[in-house]
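Look at the two complexes coming up: subunit A is in both, with subunit B in one and subunit C in the other.
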Partner chain A sequence: MISYIVKRLLQGLLTVWFIATATFFAMHNVPGDPLLNDRAVSDAIRANLESKYGLDQPLGTQYLIYLKNLSQGDFGISFTQENREVNDIIREHFPVSAILGILAVVFAATGGILFGALTAIYRNRLPDFIIMILVILGISVPSFVIAAMSQLALVSFNSLVGVTVIPVAGWGTIFHMLTPALVLGLGTMAYLTRLMRSSMLEVVGSDYIRTAKSKGIPAPRIFTRHQIRNAILPVVTVLGPSIASITTGGFVVELVFAIPGLGRYFVQAVQQLDYTVIMGTTVFYGAFLVFMVILVDILYGLVDPRVRLEK
Partner chain B sequence: MSRNINQPKSSPKLLDVNKLAVEFDTYGGVVHAVRDVSFSVDSGETLAIVGESGCGKSVTVQSIMGLIPMPPGRITSGSALLRGQEILGTAMIQGRDIRGSEIGMIFQDPMTSLNPTMSIGDQIAEPMQVHKGYDYRKAYSEAIKLLELTKIPESTKRAKQYPFEFSGGMLQRAMIAMAISCKPSILIADEPTTALDVTIQAQILDLLQELQRETGMAIVLITHDLGVVARLANEVAVMYAGKIVEHGSVEDIFYRSAHPYTLGLREAMPTNDPDKQSVLSPIPGSPPDLFSPPVGCGYCARCPWSMSVCESKNPEGFYLNEGHYSKCWMHHQQSPVKPIELYFEQQTHG
Partner chain C sequence: MSSLSPADFERISNSSEKENISRPSLSYWADAWIRLKANKRALLSLYLIVALLLFTIVGPLIWTIDPALQDLDQISQPPGSNRLALIIDDYEPWTGLSSSSENGLRLAESATTMAVRLVWDVLPNASGHRVYRNIFPVGEERAYGIPLAEYFDNSTQFFEDRLDLKPRRYFYSIVSLGENGELQDEYQSIAVDLQRVTTMSEARAKGLILPNSELTTGDSINLNLHPLGTDYLGRDMLSRLMEGARVSLFIGIGAPSLFILFGIIYGSFAGFMGGKIDQFLMRFADFVVALPFLLFMILFKIAFGIGPGESGVFPMLVALVVLMWPGTARLVRGQILQIREQGYIGASQLLGARTNYLIFRHMLPNTLGVVLVTITFAIPSAIFIEAFLSFIGMGVAPPTPSWGAMSNEGIKNMLTSPHELLLPAILISITVLAFNLLGDGLRDAFDARLRNQE
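Presenting the complex of A and B:
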C-alpha cells in the first residue's frame, strides 16, 4: 500500500511538471506584451522584471529560471497588481475556493449516493419518478441559471421572514457557504445519482445479495453492509473527475455569489495577460486536481479490496 | 397395488412440503413455474430433486426459503411445514429465524454468490452475529473454526482474505461453512457442484456427506446430475414441467424407474459401458410452455408410450411400493401398456 501511494505521488509530480511546462510554452505563444500596454510600468521596474525572469534571455533559459522558481514554491510577482506575489493571491483566495469546492463535492457525493440508492430501492415507484425528474433538471439546467434562481428564492424567503436568514451573496459564515456549494454541486449530484441508481440496481439483483438474504440478514443490515459498499464503487471512480469539474465550474458560481475565490483572479489574469498569475494559478489548480485524483484512488483501494493488492 | 398419493401421516416430518404452487407475473403472461409439488425430508436424510433446466427445482426451494421476489412471484397454494409449523410467508418460528438459522442454503456459482468487498471470515461470522447474538470477535473466531471444519488450510490467514483470492472449490467450502454456521436442521444445496470441475465436485460432495454424518442435518439437493444423485441421495424426486413426476428411494429411481421421463433421463446419461459409449440418446422435443401448462400429463408430447388419456387428464400418483410413486397413466389398471413392459425395456437397456 505504501509503495502504491509513493508511486502514485511520483506519477502526480510528473503530471504537474507536464502541466507547468505546457502552461509555460502556451503562455509564451500568446501574442502581446503585458509590459507594453497603456498602463505600462516604469523603465526601472521593467528592467528589474526582465532581470528577475530573464525576459531578455532566450526561451530555454527563461524556462529553466521558471522551473527553478517553481521548484522552490515561488510563483513570482503579479505583472499588473502592485506588490502582489502570486503566492499571496493563492494563499488569500484559494482557501475560499477550496472550502466551497469541498463542500460542493460533499453535497454532491452524499446526495448522489443517497438519492441513487433510494431510487433503486423504490424503483418505478413515486420517489423514483420524482427524484429522476429532478435529476434530469439538475443535469440540463446550467449552474448560473440555478444560481440566479436560488438567489431570487432566497430574497423572497428572507423578505417573507423579515430578517436575513440566509444571505444572498458574499462570504464569511457557514450560511454564506451553503447555497453556492449546493448550486455548485447540483449538476454533479444529479450525475452521481444516475450512476448510483444503475449501480445499485445491479447490486440488488446480484447473487451475493440473494446469499445474504438466505443467511437471514435483516434488510437494513444488507443495505448498509452489502449493497451500499458494492454499489458505491463506480461512484468513487468518477469522484476524481467530478472534483475537477466542480472546481473549474466554480468560477461562474463564485462570480454570481460575489465570493472572493481564486476563480475571479484567474479570469482577471487571463484578461489582463498577467503571465505569472495565469501560470501560477494554472499550475496550482493542476497540482490540486492531481492530488485529489490520487486521494480518490487511495480511497478506492480502501473501499474495494481487489484494488488494494495491485501494486 | 395402486393407492392414492395422500397417505395418512404419522409424526410430523422435519420438513413437509405439500401441494406447493408458485406463479410469476411476466410481460408475456403468468408462468406456472411450480405446480402442485409435495415432498418431505427427515433429519439425516438427503433428498435429491432432479430435473432439467427450467423445470422448477430452484423455484421450489427458493419459495420455501422466501427468496422469491414478490411481486412478480406468488405462492398461490400449498404449505411447507417445519416440524409441523408453517414457514411459508413467515420469517420466524418459535423465536428462531428460518433463513440462515433453521435452514441454510448454498448456491450454484460460488464465484458470484459471495460479497466481493467483504472478507470471507466476516461473511461467515455474519449469520452468527445476527442469529446467535455473538459479538464480532466471538463470531469471527467461530468462523475460523468453521473454515477448519470445511477443510480450508491456514484458516486464520484465509479468513482475512476476500473472495477474489479464493478458488471456486474453496469458495464453495466457504459457502458451506457460512450455511452451516448456525447449525441449521436443513441444508438446501442448489446445484452445489455445477460450476466446479469434476475432482472438486467429488471433494465437495464428500464434505457435505461428512458434515451430514456429524450434524445429522437433512440435505435437500437440487441437481440435474444423476451422478451426484447416486453419490449423495437417499431419496429422489424427479421434477418435470413444474411437477414431481416420480418419487422414491435412490434404488427405486435408478433400478426400478417407473416414469417414462425418468427412463429417458437415464438413457440420456453418458456411460462407461464400452458397447454403448457411442450412443447417447437424448429425449426428443422440449418441455411444455409453462405460460399455459398442459391439462394432462406434461410429458405426453415427448413420451414414446403416450396414450389419449395422457393428453386430457392429469395422472395421479400411483404407488408402486412403499414411498415410491409415479405420476403416469401407465400404472393404471386399465392401461394397455403395462409397467411390466417398462421393466423389460429397462433390462434390455441396462
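Presenting the complex of A and C:
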C-alpha cells in the first residue's frame, strides 16, 4: 500500500512537471509582449524591466529559472499589479474557490447517491420519473442559465419574504455559498444520479441481495449495508474527475454570482495578459487536480478492498 | 367428389430448406439499427437532430436576412410583437406651444417614438424643475429614473424628449428644485404610452414602402418581420440563431470528429504495438488528461492570438482536439487489446489473414460501435464547452454569433427582454439533450449487456 502511494505521488510530480512545461511553452507562444502596456516605455526602462523579470535571458535559461522557482513554490510577481506576488493572490482567492468546490462536491455526491438509490428502488414509479426529469434538465441546461434563473428566483423569494434571506450574489456568510454551490454541483449531481441508478439496479437484482432477504434481514439494513455500499463504488471512481470538472466549472458560477474566487481572477488575468498570474494559476490548479485524483484513488482502495492497488 | 388429376400425384420436392429453423442472419449494424428503432426516445432525438441540422443548413437559405443587419426601429423586441407603425409628417421643431387645457404635467400632443412633448405648471415652492424618465412607476422609494433636463427658473415649462424612444410605456416625472438647485419633495408623474411612428422619407429609405405606393401620412405600415424578435442591437434573432447554430454545431460536431479520428489512430496503434511503445504512448495520454481543461482551452486560445476580424472558431477547434483526444485513444486501445484475444481473430489468422486485413476487416469495424457512442456523447460536451467559453467571453469573438455568445449578450438584459437569453439557451439545451438521448440509445443498441437496465 505504501509503495503504491509513493509510486502514485511520484507519478503525480511528473505530471505536474508536464503541466508546468506545457504552460510555459504555451504562454511563450502568446503573441504580444507582457511589457507592452499603454504607457510608452523608453529603451532603458525596458531593458531594466526585462532584466528584472529575466526576459533578456535565452529561452532555455528562462525555463530553468522558472522550474527552479517553481520547485521552491515561488510563482513570481504579478505583471499588472506591482508588488503583488502570485502566491499572495492564490492564497487569498483559492480558499474561496476551494470552499465553493468542496460544498458543490458534497452536494453533488450526497444528492447523486441519494437520488440515484431512490430512483432504483422506486423504479418506473412516480419518484423515479420526477427525479429522472430533473436529471435530464440538469444534464442539458447550461449552468449559466441555471445560475441566472436561480438568481431571479432568489430575488422574487427575497422580495416575497421582505428581507434578504439568501443573498443573490457576493461572498461572506454560509448563505452566500449555498446557491452557487448548488448550481455548481447540479450537473455533476445529475451525472452521478444516473450512474448510481444503473449501478443500484444491478445490485438490486443480484444474488446476495436475495440471500440477505431470505435470511430475514430487515429492508433498511439491506439498503444501507448491502445495496448502497456495493452500488456506491462506481460513483467513487468518477468522483476524482468530477472534482476536476467542478473546480473548472466554477469559473462561470464565480462570474455570475460575483464571487471573488481564483477562477474569476484567472479570467481577469487572461484579459490583462498578466503572464505570471496565468502561469501560476494554471500550474497550481493542475497540481491541485492531480493530487485530488490521486487522493480519490487511494480512498477507493480503502472503500473497496477488492481493488488490487499493486496493479 | 372432385376429380383428382395426375398432377396431384406428382412427387413434391423434398428440399432441406423446410427443416431450416434459423432466421436470416443479421449483421452487427443491422441488429443495432433494429434495436435503435425500437427505442422511442432515441428515435425521437434522432428526428430532433435531423431537424436541427435542417435548421442550420437549409434555414439560412429560406430566411435570408443578414444576421448582422441592425433594425434600429425594433430593438429588443420579443417574438411576435406588434410591428405596426403610423406614417406621420416629418419632424418640425417645437416652441413649447400647447393646446392642452389640463393642469399639471401633461402631454402637449400624442406621444410618438419620434418625440414626446411635455408641458407642466409650476410646482408649489419650485424655483426650477428637473425632468425624469423611467420604465417603472415611481414608487415609494422615489425612483424617478434617468434625468433628462434641468431648468433653474420657472420660465421654461415644457420639454421635448427625443432620446432613444421605444414603443412602450414610460413614466415621466417632474421634480421641483429649490433655490440652489437642490431636489425637493414635490413631484408629479404621468404614464405615457408611445406609438411607433415613421415618416414617409424614412420608410422609403428603408424600403418599407415601394416608390409608387399610394400610402400617405396617417396610414399604417408593417415594419420588417422578425419572427423570433430582435436582440439589443436590433439584429434579427432567427437569422442569428441560425448563424449561431452553424458555429456551435461546427465546433460541436467538427471537433469531436477530428479528435476521435486522432484517438482511433493513436489508440489502435498503441494497442496493436503493445509493450514499451504502448506504455509510453499511454503515459503521454495520461499527462494530457491531467491538464486542467478549461484553463488550457483559454491558454491555447490566447496563444493562438485572434486578430481583428477573426471569429476565433479555428483556435477553439484546435484546442478542443489537442485536449480531448486521450479519452478516445484509451477507449480504442482497450477495445483493440480485448479484440486481439478474441477467437475469431485467431481463426482469421489461422486462415492466413494478413495484419492489414485483420486491422481493417476485424478490429476497427468492431470498435466502431463504441466509437460512435463516444462521438454522440462528445458532441454535447463540445457544444457545452463552446457555450461555456463564449459565455465567459473567452470563446468566439463578437460579432460572430454562437449560442453561447448570444446567451452571454442576452443575460445582460435578462429582466427586460428575456427572449434574448432564453432562445439560445433553449436551443443549447435541446441539442445537448437530443445528442445525449441518442447516445444512450446507441449505447443500449450496441452493448447488449447494458440493454436491460433502463
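Here is the rule we use: the second predicted complex is superposed on the first by the 294 of 311 C-alpha atoms of A that agree within 3 Å, B and C clash if a C-alpha of one lies under 4 Å from a C-alpha of the other, contacts with A are read in each partner's own complex, and residues count from 1 in each chain.
Methods note: contacts are C-beta pairs under 8 Å (C-beta built on N, C-alpha and C of every residue); 3 or more make two chains touch, one makes a residue touch a chain.
Everything numeric in this text was worked out from a predicted model, so none of it was measured.
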| item | value |
| --- | --- |
| Side-by-side fit of subunit B and subunit C on subunit A, or clash | fit |
| Partner chain(s) touched by A:T193 [first = subunit B, second = subunit C, both, neither] | neither |
| Partner chain in contact with A:K213 - subunit B first, subunit C second, else both or neither | first |
| Angle at the Cα centre of subunit A, taken between the Cα centres of subunit B and subunit C once the superposition is applied, in steps of 10 degrees | 100 |
| Which of subunit B and subunit C A:L201 touches, first, second, both or neither | second |
| Touched partner set for A:T119, first subunit B, second subunit C, both or neither | neither |
| Subunit B versus subunit C as contact partner of A:S97, first or second or both or neither | neither |
| Superposition-derived comparison: subunit B or subunit C, residues of subunit A touched | C |
| Which of subunit B and subunit C A:Y285 touches, first, second, both or neither | second |
| Nearest Cα pair across subunit B and subunit C, whole Å | 14 |
| Subunit A to subunit C touching residues, read off their complex | 14-15, 18-19, 22-23, 26-27, 29-32, 136, 139-145, 148, 152, 198, 201-202, 244-245, 248-249, 251-252, 255-256, 266-267, 270-271, 273, 278, 281-282, 285-286, 289-290, 293 |
| Residue ranges of subunit C touching subunit A (in the complex, touch as defined) | 286-287, 290-296, 298-300, 302-303, 305, 380, 384, 387-388, 391-394, 404, 407-408, 411, 414-415, 421, 425, 428-430, 432-433, 436, 450, 453-454 |
| In the complex with subunit B, residue positions of subunit A that touch it | 206-208, 210-218, 221, 225-226, 229-230, 233, 303-306 |
| For the subunit B and subunit A complex, residues of the former touching the latter | 65-67, 91, 97-101, 104-105, 107, 109, 112-119, 126-127, 130-131, 162, 164, 175, 178-179 |
